[in-house]
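Listed after this line are the structures, all set down as structure tokens.
Consider the two complexes below, in which subunit A is the common component and subunit B and subunit C are the respective partners.
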Partner chain A sequence: MSDSRLNSVRHGRADGAAGVRATPLHHRALATLVAGRGQTAALAERIGTRFGLCLPTTPRRVSSGSVAFVGVGPGRWLAMDETGDGLAFETALVEAAAGHASATDQSDGLVLLRLSGPDLRRALAKGIGIDLHPAVFRLGDAATTPFALIGTTLWRIDGGGHAHDLTVEIAVARSYAADFLQALTEAAAEFGFDLHPTARG
Partner chain B sequence: MRIPCPYCGPRDAHEFTCLGDATLTRPDPAAPDAASAFHDYVYRRDNPAGPHRELWYHGGGCRSWLEVTRDTRTHAITDARFAADRSSAAQGTEDRP
Partner chain C sequence: MTAPTAQNTGPSRRLAKGGLIDRSQPLEFDFDGRPLSGVAGDTLASALLANGVTLVGRSFKYHRPRGILTAGSEEPNALVELRSGARREPNTRATMVELYDRLSATSQNRWPSLEHDALSINRLAAPLFGAGFYYKTFMWPAALWERLYEPLIRRAAGLGRAADHEDPDRYEKATAHCDLLVIGAGPAGLMAALTAARSGARVILADEDFRLGGRLLSDAPEVDGAPAPLWVDRVLGELASFPDVTVMPRTTVFGVYDGGTYGAVERVSDHRAEPLPWQPRQRLWRIVARRSLLAAGAIERPIVFGGNDRPGVMMAGAMRAYANRFAVAAAREAVAVFANNDSAWSAARDLSRLGVRVAAVIDVRERVDPALTAPLAAAGARLMLGSRVIATSGKRLSVVEVLTGGKRETLKVDGLAMSGGWSPTVNLTCHLGSRPVWNDALSAFLPGSLPPGMTVAGAANGRFGLAACLADGAASATAALADLGFAVPSAALPRADDDPAGLIPFWHVAESKGAAFVDHQNDVTAKDIAIAHREGFRAVEHLKRYTTLGMATDQGKTANLTGLAIMSALTGKDIPETGTTMFRPPYSPVAIGAFGGSHRGKAFRPTRLTPTHGWATEHGAVFVETGPWLRAQYFPRPGERDWLETVNREVTAVRTGVGLCDVSTLGKIDIQGPDAATLLERVYINGWSGLEVGKARYGVMLREDGMVMDDGTTARLGPTHFVMTTTTANAVKVFQHLEHALQVLWPELDARIASVSDQWAQIAVAGPKARETLARIVDAPFDLGNAAFPYMAAAELTVLGGLRARLFRLSFSGELAYEIAVPARQGDRLVRALMDAGAPFGITPYGTEALGVLRIEKGHAAGNELNGQTTAHDLGLGRMMSGKKDFIGRVMSNRPGLRDPDRPALVGLRPLPPGARLRAGSHLIPVGQPTDAANDQGYLTSVAHSPTLGHAIGLALLAGGPRRIGERLRAVDPLRNEEVEVEVCNPVFVDPQGEKLRV
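Presenting the complex of A and B:
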């Protein structure tokens, strides 16, 4: 791999700073966690004890250390570990859940991207049907909703910039990642879009 | 048309799939009159003008089945709740799904 491939590739408007940036988040363990019937309260207690956090009952991201859980539906979460290996994380979840839930490794099933930039909200608005204004979509808020008819789950994180800057992480099924990136590239082109070359999944 | 999902919040109707009448109960297939009961269940549907309880599946979001009360004349939605809450109450279980 040549050095130039490690640099972001500019799409669309070429002048000025990029309005939208996309960076892949490799090496993060991902798993779905699904509570059994009537087991949500017992599961929350076990997960709380094991990982030191309170499982969200709404579309929110809750984290503790390297581990985070994103609410994606009633009794369903997308769990992630920034340091873990997928299979080890799945095993840790299964052991913590102790029969109250099923956990399935999704580290290879989903592509995770970090999206940022001053024009991100305007670019996402072309394909997503929810209000992502920072006053409404607050830090830690999550949503499962299609972008350009492609199912996604996204959550807002602190990008380190101005309080009104929108930075999100977004999970897309790996088989849809190429189509998702094509749609995002077209949506972001007018603002200047920096896409890291390894984001192609 | 927007549907106020009790988990996700208000979402465009395109994220949902409509199954139809939520007030019907599937007949007992072992009953002696099962054939005629199923005929009525499948084909003899009401088409009310006004508030109607319907089942909607939020496939684009939280993947929950909802029971939505919609006015068929105006599309005004006055209620949306998890369908599982109704069936779990009937079954005496405490949780979804």
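Presenting the complex of A and C:
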């Protein structure tokens, strides 16, 4: 993916405030955590002790400090650390799991974006079939679902705005990221789409 | 093309005042090249009528002149081509086209002009063109079908022309969710939406019109003692104040699907010459609704009488709508009304009140409520009760012939409003398979069993009165929402009256003179139904297919019931016994572009880019689609004549120096856990437990049926940690296969899998200089020496000063070769470092073409051979199959047919004439035998020019396989009419002993 695309600012409607904003999150360590057969409870206990949180057993995001876990399937999580490097985080997870799970670094496998803005729900509706109404897709809820035929996992976070505002983080396989951004840009263009520049990732 | 028609216009028929139009906003448009003028709020149909244009098209079969019949989406006649050039759109209903400035429309199905249509001679041949005409006439001689009959029929029939160029506009697809979907924004729909909104529900209100209100706009009643549009505005204003209420004008809910899903098309930009920036032309909605309320109203049905298709004959409700809503008099001089029901009298009253002269009201009933007749009598209209219209005449209607009191009388009028009563718009209730139910009291089909979650309110449910509609809308919404657990506040209903709706069933004037049309769009007449009856096509589905009744783009919205009623009279059965045809999606036509949405052209499906895509672009790569991936196919250099020269250079560089190729597209699966090795044993045909840590092995997987599914290498990174590679094409399929094995087949196994295809950038470095190239980037003290890191070794290491990497000594090319992987974001850095490191050895990037040549030279099976029809034995891999364990596909692979030594198996082929070319797909025929299927012994799966050997080479699946090495055969390509003699040889053309890859 060309980095120049990530550095542009406004796409689509140029006047007024952007209806949709996207910020690439380049610096987060990501890993797939897969529990061993029948070891989810033991794993939850270890992870709880190590990271101070309750490992979710449904499609939800649970966080503590810089670390978060998103349930993406039975006995399967996408784990993330805002401060760590991929290999170190993988190692930390392996140590914490103590054989009850395997961890696999995905920091390069996935591209992560934070999406927000008053028209985000309308823009995402052009690619995602599930209901993202704030009363239905609540804070911490997560889903694995395609956007414009591209597989994604997204979860709702507190964007700090009005309770009805939707802010999500969304993970896309890196090889699909350029096409994903293209489709998102097209969907958000009518609302004005700000793709925020960040330090290089 | 266009011949302006002097007659087809006249002085303005716009009424001096009134109407829901904005006279301060004139809009210029043209029809058949004639400049005309309308105002904001017009449809194309109302604007044409306002300009006195009453002849708008020619009919499908007989090319009869046709006018505007209705004012809604049921319009069968007024189909026009809208716009021009790439935006030309055929068969748009003028009644649904919202007028915009500089709109351009053209009549269709006429030549040379609308006024003088040469093919209207078909009318003289009408006896020939009756029901079953095609079945009877074009049967013999069959040879004439393609050359004569079909071209003739195609020219004469058909409607508009599709655009000749690619559609320049965008389309979108989107999903919406709600508690209650209200379909139709007439009185019942508006009342339902308001009730639901006030209870806090998420509501979508969709209506096909650009202005909401339905009959409240066209019938001009009063609500709460004031003109209804004021009430509509107030309701819409209140709806707009709710954040979870979405009002969707210009949106047709066209289909009902499983699970509370509805299809709708929003005509976002159809009311503009071109879409605004960033806007699609249309948006296809998938609406997921917990409950739906169908408030689609009713469609007025014609009466079948002689000349009922003449321009100037119109539905009474439509004439009323043109007068009330659009301030247009549908006739210049005077109108007559012909009906069997009360609503037509209300229409006549409105027309008269607005200054349109009503010459006569003709009703088949002997008695009509004096409250209805008195105002018209007072206005000077003749009241002709117990009468009927039997014929019309004039190119545009000028005379109506009436049978009254046993006598025939003619009336000079230029407009005739007809009404056979109203049919509830039950179409959507049938989409999941139920049939509507006949109601004798209303003489109409009412909804039968309903799709789950749907209720029906208002006229669609047979409640025709306005007050009844308002009450029904509120009550239905209240019930649906209470069912969902909402507390619905009660509110007073707006005050309104119920229109009189008395009716006696009447369908067809038996005394008709001339053609009496049932289906205006498909030119089906009452006589055609009689023919169908006479010839035994009496069941409703037979009637439909024999006559094409109801099979036009309007799906018979104005025709089905009258056709059914006429058949029922002929058979002597009642209507419910005669049956009804099914309504299926879409309710009205939807452009295919809307279904495609944004997924067209390059966006037809998503594209995956490799980690080195940017670098390859810089280096002039030509890209090729391989599955979802875009991969570098070859890297041409200036001065190279063609791709073959480029590919030969790339192959030679690998064989003599060093090359590199991005192989990140291979599927990569991380497999961990105590049972990881056991999983591999069960999915691969060969053994794995003995694989040492730090080694890789080639493996083959079978499907359950014993055929080869995929191949690849898997490396052991630790005692319980493997990383598997799959072919690019099967990456997803193999992952699913493993998931299935772990979740379904052996849930007791503790093996944990994760796709890492996107995590790692992987680059093949191949050629005699590969080790020297890599030595320049691996960090000390890693030893690349042949002893320390032999063929099939695997290691985790660092490169370029601390960069995490994985190195595998694997070779697809047969040369000394490695695959090196780094985290994907470092792929670009890695490829540039390798290019620098290999520069002294002339390192050459190569693409998928050279990759293919190299593997054919080595006789490696790839996608062409792993085609789902080959076994491990067929591919020469039979000896890999372990006899000491069970694995997926083992049992079935031992079926006698799959072990037959005469099965086609992999061999090499070389052409005997030096320099001859081989063609993939050529069939192998013994020398001296005829070229026929009986002698077909196999075919060429892969061919290439081998720059290493200097001639063409091929891989083939040949009956009997390797035991025929040395035989001569003919490779026959019947498609290109070529053949070449070939010799069967070992498929490994280069370094058959495999010495080069172990140096």
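Just so it is clear, the second predicted complex is superposed on the first by the 188 of 201 C-alpha atoms of A that agree within 3 Å, B and C clash if a C-alpha of one lies under 4 Å from a C-alpha of the other, contacts with A are read in each partner's own complex, and residues count from 1 in each chain.
As a convention for this text, a residue touches a chain if its C-beta (ideal position, glycine included) is under 8 Å from a C-beta of that chain, and two chains touch if they have at least 3 such contacts.
Please read all numbers here as calculations on a predicted model, not as lab measurements.
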item: First (subunit B), second (subunit C), both or neither touched by A:Arg37; value: both
item: Dominant contact partner of subunit A by residue count, subunit C or subunit B; value: C
item: Partner chain in contact with A:Ala148 - subunit B first, subunit C second, else both or neither; value: second
item: Which of subunit B and subunit C A:Leu87 touches, first, second, both or neither; value: second
item: Contacts of A:Gly129 with subunit B and subunit C, given as first, second, both or neither; value: both
item: First (subunit B), second (subunit C), both or neither touched by A:Val72; value: first
item: Partner chain in contact with A:Pro56 - subunit B first, subunit C second, else both or neither; value: neither
item: Footprint overlap on subunit A, comparing subunit B with subunit C; value: 35, 37-39, 129-130
item: Contact set on subunit A toward subunit C in their complex; value: 1-2, 12-13, 32, 34-39, 86-87, 101-102, 104-110, 125-126, 128-131, 133, 136, 148-150, 164, 173-176, 178-180, 182-183, 186-187, 189-190, 201
item: Residue ranges of subunit C in contact with subunit A within the complex; value: 170, 172-177, 202, 243-244, 277-279, 286, 288, 598-599, 603, 605-611, 613-614, 629, 664, 670, 672-675, 747-750, 752-760, 804, 823-826
item: Interface residues, subunit A side, partner subunit B - complex; value: 35, 37-41, 58-59, 72-76, 129-130, 143-146, 151
item: Subunit B residues within the subunit A interface of the complex; value: 7-9, 11-12, 14-15, 60-64, 82, 84, 93-97
